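Each of the next two complexes has chain A plus one other chain: chain B in the first, chain C in the second.
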Partner chain A sequence: MGAGLWRAAGLRLLAIAVIVAVWQAVAMAKIWPPVFVPEPAAVWRQFVRTATEGYSGYPLAEHLLASLRRILIGCLYGIAGGISLGLLIGMLPSARALLGPLVTFVRTLPPLAYLSLLVIWFGIDEEPKIWLLLLASLPPVAVATAEAVRGVHEDYLNAARSLGAPRWALPWRVVLPSALPEIITGVRVAVGVAYTTVVAAETVNGVPGIGGMVRDAQRYNQTDVVILGIVVIGLSGLLIDFLLQSLDRVLVPWRGRT
Partner chain B sequence: MKRLGVLFATAALALAACGSGGSGSDSGSGGTAAANGAPETLRIGYQLIPNGDLIVKDQKWLEQALPGTTIVWSKFDSGGDVNTAMISGAIDIGLAGSSPVTKGLSAPLNIAYQVPWIFDVIGDNEALVARNGITDVKGLVGKRVAAPFSSTTHYSLLAVLAEAGLSESQVKILDMEPPDIQAAWQRGDIDGAYVWTPVLAELQKTGKTLVTSRELAQRGKLTADLAVVRTEFAEKYPKALDEWLRQQDRAVKLTRTDKAAAAAAIGRQLNLSPEEATRQLDQLVLLDASEQRSADYLGTPDAPGKLAEHLRSAAEFLKTQQKIDAVPALDVFQKGLATKELADAFAGS
Partner chain C sequence: MPSPAADRTVARTMDGTVDGIAENAVDGPVGGAAAAIELKGVSHSYRGRLALGPIDLTIEAGEFVTVVGPSGCGKSTLLRAIAGFTAPTAGGITASGVPVDGPDPSRGFVFQQSRLFPWLTVAANVGFGLRHRPKAERVARVDELLALTGLADAARLRPYELSGGMRQRAAIARALAPGPRVLLMDEPFAALDAFTRERMQDEVRDLWRRTGTTVVFITHSVDEAVYLGTRILALSGSPGRVVLDERSELPALDHPRTDPRFGVSRERLAEVVRSAAEGAGDLVGDPGRGRTLAAEA
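Then we have the complex of A and B:
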């Protein structure tokens, strides 16, 4: 087991080293101008500069925290709404007919298409960003919840009923716990989708914010800052997914054993 | 997102050019080019700005003047995108504002291009508008003012604030595209904006104009829409560039001799009524060849004009914004003016 872990860690380090080496080689070959492919060292210098002096008036940590805060709030609303909607859709056939297509409709919209509407409706402060992240994270949770709820074994419900459980307690005591593993998978997908929309959410008045920083750098062809932003978004996304997986193990230790 | 898309698209174009283009550029100087050494294709990046370029495009003057050359017109939305296309060699001549050109001529971009022509000096088509009740620039302290970053209006806005003795931190400056500015203005989310037409006209209906770019230019802070030509193209096909310059001059002269025809041509390109096109055309300052060669603008090979100083002062602005690492010396910008090509094209006049 220990050796396996070391092996996995070693493989990952090796993969990163290979990517950086290829990147460095491509940059040094100068097939493309440095504006297209900056050297790894240039990105590192931008990292140090952005972390200490800041970019667009805010240090890197503040950009990241502002974005994480938006993602956290947007996803909390989205997850709460998604679980409620999913329960309704999964348990009531009429709700399924009514809301199912709506959720699918929202899920297929590209965020940039309706961002300008959100700006007109909700202004340029935090509200439109939160709404965009909410709309991005709600459908995956709703779909996963609805599917899981529909898949709850009829025997569980019958058993609870025959043991005298009141009607109102069934969703809370039986349906939700048994659907929890799928819901958490839906949450992981939802957070990922929210993360991919953060740059879109921060196109209007997005500084401080990691997406706003990337967008600002694009405007000035500062490719090294763009790459830095992308790496930071990717790494923080990995970290968050790792945390969600840990949560998964705490909340549903029975996953895969039934 | 859009800009990143363009970056990749132009990168892909550059790749395609590397793959097939070796032969393409060879054929330009080889047997397949027109007999007089004209290029096989001339790729132009234009923008929807009511100046002479659109007249040349509408009247097909270039196609007539360079019969052996295929003219490819591609529309661009910003100077930053034009810079990217220039770096990848995807266009030969383009239109970009003075701020993006300054950035392009400075390190680290160091784009190998030159300015052979000033399409227009920005006049009343860009202005700073504030909500009623704010009567002067000092009244903007603590307020929220929007401008599209990296554009000429961003530069002008900061120049206006500096003039009034305000520091950037005293005003909350927001980066927004013109349509978003209009929406935020209507909702009351912003107190002012430095923006261009047609959004500017919407803001002026309910707001107060504090300063226009025409006034700023008179006070020495000039912004302009510039032509940029790839140095390699200019050296290889001087005759084609001469012809291009003469057609631009012809368009500027048309706006003076027959404004109705000029406005009609621009109106066709922009989907505007002739009256609206005339109004927008009047907001810009267009310069004919002799004005271009005066000391105030491009100048002559012996005495490069003041445009170089304007570009350098734009570079100082970019430095304070941490968008470039160092302000290049004045002669970098003087060399960036294609004064020799301009003089050659109008040697007879």
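Then we have the complex of A and C:
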């Protein structure tokens, strides 16, 4: 087990080294000017400068924290709404007929399609961004929850009822916990979607914010800052998914073993 | 119809000790007390086709009723109807004189696939039906049941960490927790290996002797039915009807398998089940069934 982990870590490091090496080679070949393909070292210098002096008036950490805060709040609302909607859709046929298509409709829309609408409704401050992330993260959770709720084995419900649980207590005591594995998978998908959406959300008045930083850098052709932003988004996304996976192991130790 | 209130005391005080069983041969309730379970003209259709019944059946408190029958004869449906999981298409079921219109803690259920809640520990599973009791009482009852089923060391484990036999023991403990008057068991040991299965049979027999709970036990094993049942029912193939209803003193003995009557009973029951299966044309070709019976006969 320990050896396997070291091996996996070694392979990952090797993959990163190869990517950086190829990048360095391409940059040094000067096929494209540095404005398009800056050297890894330039991005690193930009990272140090942004981290210490800041960019657009805010240090890198503050950009990142602003984005993470939006993702956190938007996802919390989205997950709460998604689980509630999913429960309704999964348990009530009439709710499925009514809300199912609506959820699918929102799910298929690219977030940018309704960002303009949200800006008209809620202005350009935090509100439209939170709404956008909410709308982006809700459907995956709702769909996962609804499917899991419909798939709950009826004998779990029968068992609970024959042990004296009243009908109204079943959603909380049986349906939600037995749907938990799928719900957590839905949450992981939702956070991923929120991550890809946050950059879109921050194209309008997004500073501080990683998306806003990237947007500003694009305006001034500061490719190194753009790449820095992309790398930071990717790495923090990896970290968050890792945390969610750990949460999954703590909350659903029985996954795949029943 | 006897009054439900009068019956309840009877059902509670009846300890269902082993001697009382064989003498219960007279059909119907004695002295106005309602039976533990009573079925009147119960039948069940599935997609317009009669699958079960009509069945009239009276189960007295303290009996250990085993039900055998070919697969697809509706024996599980029968048990689920008694549990209140499914309503029969016709007829009525009463438990201690009260009409069955849904699941109730007075009728505990043990599933073939344990159906322990995977998100709860073994102790929490056993305590699931004790929610409304004071905490101290709940803890004491859970401990008592875990000790009774030999799971004291497994209290903090999750169901997936248990072996098949331990899971079924936990499922039995969970079903017993609210103090049901009737324990309904749907092929509870079918998924266990032969060795564990025999041990579980002894444990259930022990448990029944100690608690005196009325048990209705579905099985497809003739051997198991004869070993456990103070009353043995055989159902015919679809639609399932009672083709044999027999009392037995064997479970009262210390070693039923060594008694000459055991082999005789088993042989006869196997014969009944075999001919019941052949009665249903679609079951003749079932190779699995033929093998089971041949092995047991």
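Everything below uses one rule, namely that the second predicted complex is superposed on the first by the 258 of 258 C-alpha atoms of A that agree within 3 Å, B and C clash if a C-alpha of one lies under 4 Å from a C-alpha of the other, contacts with A are read in each partner's own complex, and residues count from 1 in each chain.
Criterion: a residue touches a chain if its C-beta (ideal position, glycine included) is under 8 Å from a C-beta of that chain, and two chains touch if they have at least 3 such contacts.
This is a predicted model, so every value here is computed, not measured.
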Clash-or-fit label for the pair chain B, chain C on chain A: fit
For chain A as apex, the angle formed with chain B and chain C - C-alpha centres, to the nearest 10 degrees: 160
First (chain B), second (chain C), both or neither touched by A:P253: second
First, second, both or neither for A:Q218, with chain B first and chain C second: first
Which of chain B and chain C A:V35 touches, first, second, both or neither: first
Dominant contact partner of chain A by residue count, chain C or chain B: B
Which superposed partner A:S178 touches (first chain B, second chain C, both, neither): second
Which of chain B and chain C A:D155 touches, first, second, both or neither: second
Contacts of A:Y195 with chain B and chain C, given as first, second, both or neither: neither
Least C-alpha distance (whole Å) that remains between chain C and chain B when both complexes are overlaid: 44
Intersection of the chain A residues that touch chain B with those that touch chain C: none
Contact footprint of chain C on chain A as seen in their complex: 153-156, 158-165, 174, 177-178, 180, 252-254, 257-258
Residue numbers on chain A that touch chain B, as the complex places them: 31-36, 55, 112, 116, 119-120, 123-125, 199-200, 203-207, 212, 215-216, 218-223, 226
Partner chain A, residues of chain C touching it in the complex: 80, 83-85, 102-105, 107-109, 111, 113, 115, 117-120, 128-129, 131-132, 158-160, 174-175, 177-178
List of chain B residues in touch with chain A within their complex: 1, 3-4, 7, 11, 14, 18, 80, 83-84, 87-88, 103, 108-109, 149-150, 174-177, 179-180, 183-184, 186-187, 189-190, 322-323
